[in-house]
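Two complexes follow with chain A in common, the first pairing it with chain B and the second with chain C.
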Partner chain A sequence: MSLLEIDNLSVDYRVGSGSLRAVDHVSLRVEPGEAVGIVGESGCGKTSLGLSIPMLLPGNAEISSGSITLADHELVGMSEDQLNQLRWSAVAFVFQGAMNALNPVQRVDRQILEAITAHEAKADKHEATERVLQLLDLVGISPARAKSFPHEFSGGMRQRAMIAMALACRPSLLIADEPTTALDVISQAQILALLSSLRRSEDLSVLMISHDLSAIKRVCDRIIVMYAGVIVESGRTEEVLGRRGEPAQAAHPYTQALIGAHPDLHGERVLAQGLPGHPPDLSKPIAGCRFADRCPYAMPVCREVVPPTLAISAGHIAACHLLSKGAS
Partner chain B sequence: MSVRYLAKKLTTLVVTLYVTVSFNFLLFHVLPGSPIQLLARSGHYDPAARAQLVKLFGLNHSLFTQYFIYLKNMLHGDLGFSYVFRKPVTTVLGGAIGNTLLLVGTATLVTILVGVWLGVMAASRAHSLTDASITVTSLGLWSMPDFFTGMILIFICGVWTHILPISGLVTPGLVTGPWGHFVDVARHLVLPALTLTFVNAAEFSLISRNTLVDVMVEDYMLTARAKGLRRRTIVWRHALRNAMLPIVTATALYVGMILGGAIQVETVFSWPGMGLLIYNSVVQRDYPVLEGCFLLFAIAVIATNFISDLLYQVLDPRVRRT
Partner chain C sequence: MSIESEQRAPARAKVLEVRDLVVRFAARGSWRHRGAVKAVDGVSFDIEQGEILALVGESGCGKSTIALAVMRLLEPTSGRIISGGENLATLRGRALRRARRRIQMIFQDPFGSLNSRQTVFDTVAEPLIIHKMGATSDERRTMVMDALDLAHLRPPQRLAQSYPHELSGGQRQRVAIASAMVMRPELVIADEPVSMLDVSARAGILRLMMDLRDRLGTSYLFITHDLAVAWVVADRIAVVYLGRIVEIGPATSLVEQPAHPYTKALLSVSGGDDVGPDGELIEALPGETPSAANVPEGCRFHPRCPRYVELGMPEQCRSVDPHLHVIRRASAPRPDSAVLSSHEAACHFASEESQ
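For the complex of A and B:
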């Protein structure tokens, strides 16, 4: 039984008079204790996918099809009151490091305490306060700093406080959307190490959204590559991205391009390759493969027929015509 | 809040007050017309009487000396002598200030409560029909001058329906107990206070709506939703607290506006406060009284700005100096 099951999820945004499909019939599973990474460039729908799980999409977005099941609860169509009970207690969120995710005029401990008291009406005030300090300690923030305001913290500390807050109601799923973006490399490393250790000690499932392949590699068991609203490849991180010293076995040209755009510290010294062009305009219908315009291997069939999703090995799938021909 | 910050703000306050007081002195000395002429209420007067008046009011001294006498007298609580009432200005102001405080205070309280509440209602349903109606109504009310709104209210409530008194503070000749007096004053208060409230609450609702709409899309609002907090908690605890800062600024500016509005409204409703006093003093050229009124209004505005500066320190930890 998967913890999170997303089936055929589509998310549409109203834009002007038309609409834009940011997430197009995406299905994915997250098992208990598993860490899954979603990677893709800006606008590929990864954040919309993440926000749709606790139904936090902005007002101009709607889920037009599909279902989201979290620990046997169907979230699509659930009432706001019921959702509020599941939010943070079943699924917590860590937002982008660059964001003002903490309220600037409230002390940090108060913000964490608020999450606890909102979900545990009978919580003992003293015990709850004690738990806040434990949580901060868990992420490496001294209890002496608990009464600080967010602006008195460094970017890395703010993000660690955010993680402490995310753990406040002992969620089973943690969604981390670009948790290390805009942090310095030392803080990035700390946050990633913290996430890797917490998912084991706190028995968490993690869904990490990032454009940073090395961050995903560091934390996640499985990787899902999204392009223009669809999943183009998914598989074990080690297999898709390659283990240290071993070549990546990415099957989709887009995944290969992403890996190529990323310098590898341990591999052969080659110049990182850029990926020219832009993702397609999602407000217009697209025939065939969405990546065809930027794909160096594009064939005539790619612009006409949507590529089928094919299994490459156990748990490794990709959607590309090159694979169905058996040539590459 | 540090003592140093407070000291700095107090220094600014004192300097601003001093400059205002000096400007107030200068303003009335550069105005055309001789004070003696005004005092005598006539162009023809006996030279001996003139000399006596000049001496009585210290006009034989140089402007510089007069300035220091003016400062000295002010510090002693002496604001001069009214030409019209033939009483000390402080006595004249004392009779009016309470009525203005009652009117402006009531209007301010209602303005802030109703204005902010309407703003919250509009912002939490942004771009809905509720939002549109509140915004359009506010814009309409805000665009109307106080005296115009006042006259419409007089027409509807006084002339048409006779449900409320339209002028004065009390019903003339009414003999009644303390409770009866309270009710009578309250009934007289409704229309002028309502007029001031209409214009200003409209402004407050627009400001709070717009700040709240901006705050609503802040990242921490998404966090608050993700935490599973109830909508009311999100709006009142997280959004409004952050939106308070521009609202406090608006309140400080508003005091100047409402005092200006009080002149019009008190005139329209014959409310015996400082606004009506200013109007009458302008008509009758009672300069000492005008000077006194200007001074009080200036003090009110400066003091409110001082308080709003201090409130900022309390409301926004980011500007707090340690």
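For the complex of A and C:
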């Protein structure tokens, strides 16, 4: 039984008089204890997908099809009251730039305590206070600093405090949207190390959304690559991105371009070609493969027929006509 | 590219010499500068013609302050900034304006650095008007179109009439590059020019910068937090920590044989080497960078230094501030470099290890 099952999810945004499909029939699973990474560039739909799980999409967005099942509960169509029971206790969210979401005029321990008491009405005050200190300790903040105000913390420490808060009601799934983007290299590594250790110690499933392949490579078991609202490839991180010393086996040209875009200190000292052009306008209908306009290998069929999703090996899939051509 | 680099003259002039640059900010609530923040605390480096020097470090390390001081957008507290035989640190008024033509800057945020109400043409033409370059409007028009073409904004005629909101992030950064290049500067200071762009657009911008270096001999002071990008783009890399250069050398030497423990930590994180046998991540460095208002005694890195701990916390690290010293006489960072660049590090125990 998967912890999270998303089937054929579509998310539409009303824009002016028309609409734009940011997520288009996406299906994915997260198993208990598993860390899954969603990678893609800005506008690919990864954040909309993440926000749709706890039903936190903005007002001009709606789920137009599909289902989201979290620990046997169907979330699509659930009432706000029922959702509030699940938010924080079943699924918690660390937002992009979350470290700036702390209340600047309230001490950090107080804010975490509020998160507990708001969701667990029956929580004993003394026990809850104890738990705040444990949570801070868990994320590497000494209890001596618990009474600090957010401005007394560095960016990395504020992000740790946000992670502590997200874990306040012992969720089974943590959705982390760009959890390290605004942080420095060393602080990023520290937060990633924290996420990877929490997975083990707290038996936490993680859905990490990022544009940073190396962050996903280091934390996640599986990777899902999104482009223009659809999943173009997914598979075991080790296989798709490659292990140290072994080449990546990414099958989709977009994944290959993403991998090539960042220089590898263990590889050759050359600058990648980059990927000219931009993703397609999603408010207009697209025939064929969405990546065709930027794909160095595009064939006539790519502009006419939507590529089928094909299995490459166990658990590794990609949607590209090149693969069906090779197979036939 | 390689053909042109062979044609370059063997002896190269220095376009910038920075000596003992210090930038202090008065800390809030301080009394007679007692709590001064030393954002830049004695930094020296050279850039020769056609060379790309990367300043690598984390936010708050002072790398952007160095750039702003070189541009004289910030007043240096002391030190010399020599360009074209003049000390920019002491120039004023008209002389400073003239000197600034030689040095142009590209900023991190192509969304914020362009005026949204100006066409691309007006944005790129503006520096020409400010510096009274180009005798006629026709001449200026030609210079603008050339600059757009140089920045691969094609077709220039059409793009010149567009507004920033019609352009992608990568195109906007090309406009910023065009408005720097229209002055034909000797040196371009590029402060995190790709960190706000999508991954797929980054390589194009970096490639353009390198291409302009090869075609026009432009030098760059390239500021980045990303050691891997610095490695492929720059000839030499300087690693900055808490207002000081702690290691400097040819890019390959520095990446392949780092001497300073801070550089090693940055490399292990950037290269994804901070992974343990079970796939768990190992903290590359403990703690946080201290505030520049409160620089540690002795070696500024010692409170976080893994080597300091390994060596049994030697007294020297706590009491003596290490200065850059030669670790390795390296080969030329580029085939045509005038001088051999040595690889230097500011660590009391750097040389022992490299033997």
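Keep in mind that, in the parts below, the second predicted complex is superposed on the first by the 322 of 328 C-alpha atoms of A that agree within 3 Å, B and C clash if a C-alpha of one lies under 4 Å from a C-alpha of the other, contacts with A are read in each partner's own complex, and residues count from 1 in each chain.
Throughout what follows, a contact is a pair of C-beta atoms (placed from the backbone, for glycine too) under 8 Å apart; a residue touches a chain by one contact, two chains touch by 3 or more.
Just so it is clear, the model here is predicted, and its values are computed rather than measured.
K.L.:
Using the overlay on chain A, decide if chain B and chain C clash or can fit next to each other.
P.N.:
Once chain A is superposed (C-alpha atoms), there is room for both chain B and chain C without a clash.
K.L.:
Regarding the shared-chain residue A:Pro54, is it in contact with chain B (first), chain C (second), both, or neither?
P.N.:
A:Pro54: touches chain B, not chain C.
K.L.:
I'd like to know which partner A:Ala115 touches here: chain B for first, chain C for second, both or neither.
P.N.:
First partner only, chain B.
K.L.:
Does chain C touch more residues of chain A than chain B does, or is it the other way round?
P.N.:
With both complexes superposed on chain A, more residues of chain A are touched by C.
K.L.:
Identify the partner contact of A:Phe95: answer first if only chain B is touched, second if only chain C is, both if each is, neither if none is.
P.N.:
So A:Phe95 only meets chain B here.
K.L.:
Can you report the vertex angle at chain A, computed from the C-alpha centres of the three chains with chain B and chain C as the arms, to the nearest 10 degrees?
P.N.:
Once the two structures are overlaid, it is 80 degrees.
K.L.:
Regarding the shared-chain residue A:Leu271, is it in contact with chain B (first), chain C (second), both, or neither?
P.N.:
second
K.L.:
Quick check for you: in the superposed arrangement, does A:Phe149 touch first (chain B), second (chain C), both or neither?
P.N.:
first
K.L.:
Check the residue A:Arg218 against both partner chains and state whether it touches chain B (first), chain C (second), both, or neither.
P.N.:
second
K.L.:
Should A:Gln82 be classified as contacting the first partner (chain B), the second (chain C), both, or neither?
P.N.:
A:Gln82: touches no partner chain.
K.L.:
A:Ser283 contacts which: chain B (first), chain C (second), both, neither?
P.N.:
A:Ser283: touches no partner chain.
K.L.:
Just how close are chain B and chain C at their nearest CA atoms in the overlay, in Å?
P.N.:
It is 10 Å, taken between the nearest C-alpha atoms.
K.L.:
Once the two structures are fitted together, what part of chain A is touched by chain B and by chain C alike?
P.N.:
Looking at chain A, the two contact sets are disjoint.
K.L.:
Taking the touch rule as given, give the residues of chain B at its contact with chain A in the complex, in rising order.
P.N.:
218-220, 222-231, 233, 238, 241-242, 315-318
K.L.:
Which part of chain C faces chain A closely enough to touch in the complex?
P.N.:
58-59, 168, 198-204, 206-207, 210, 225-229, 231-233, 251-252, 255, 265-267, 269-275, 279-285, 288-289
K.L.:
Which positions of chain A touch chain B when the two form their complex?
P.N.:
Against chain B, chain A makes touches at 54, 56, 80, 83-89, 92-93, 95-96, 99-106, 114-115, 118-119, 149, 151, 162, 165.
K.L.:
Which part of chain A faces chain C closely enough to touch in the complex?
P.N.:
Contacts found on chain A: 41-42, 154, 156-157, 184-190, 192-193, 196-197, 200, 211, 213-214, 217-219, 244, 257-258, 261-266, 269-276, 278, 294.
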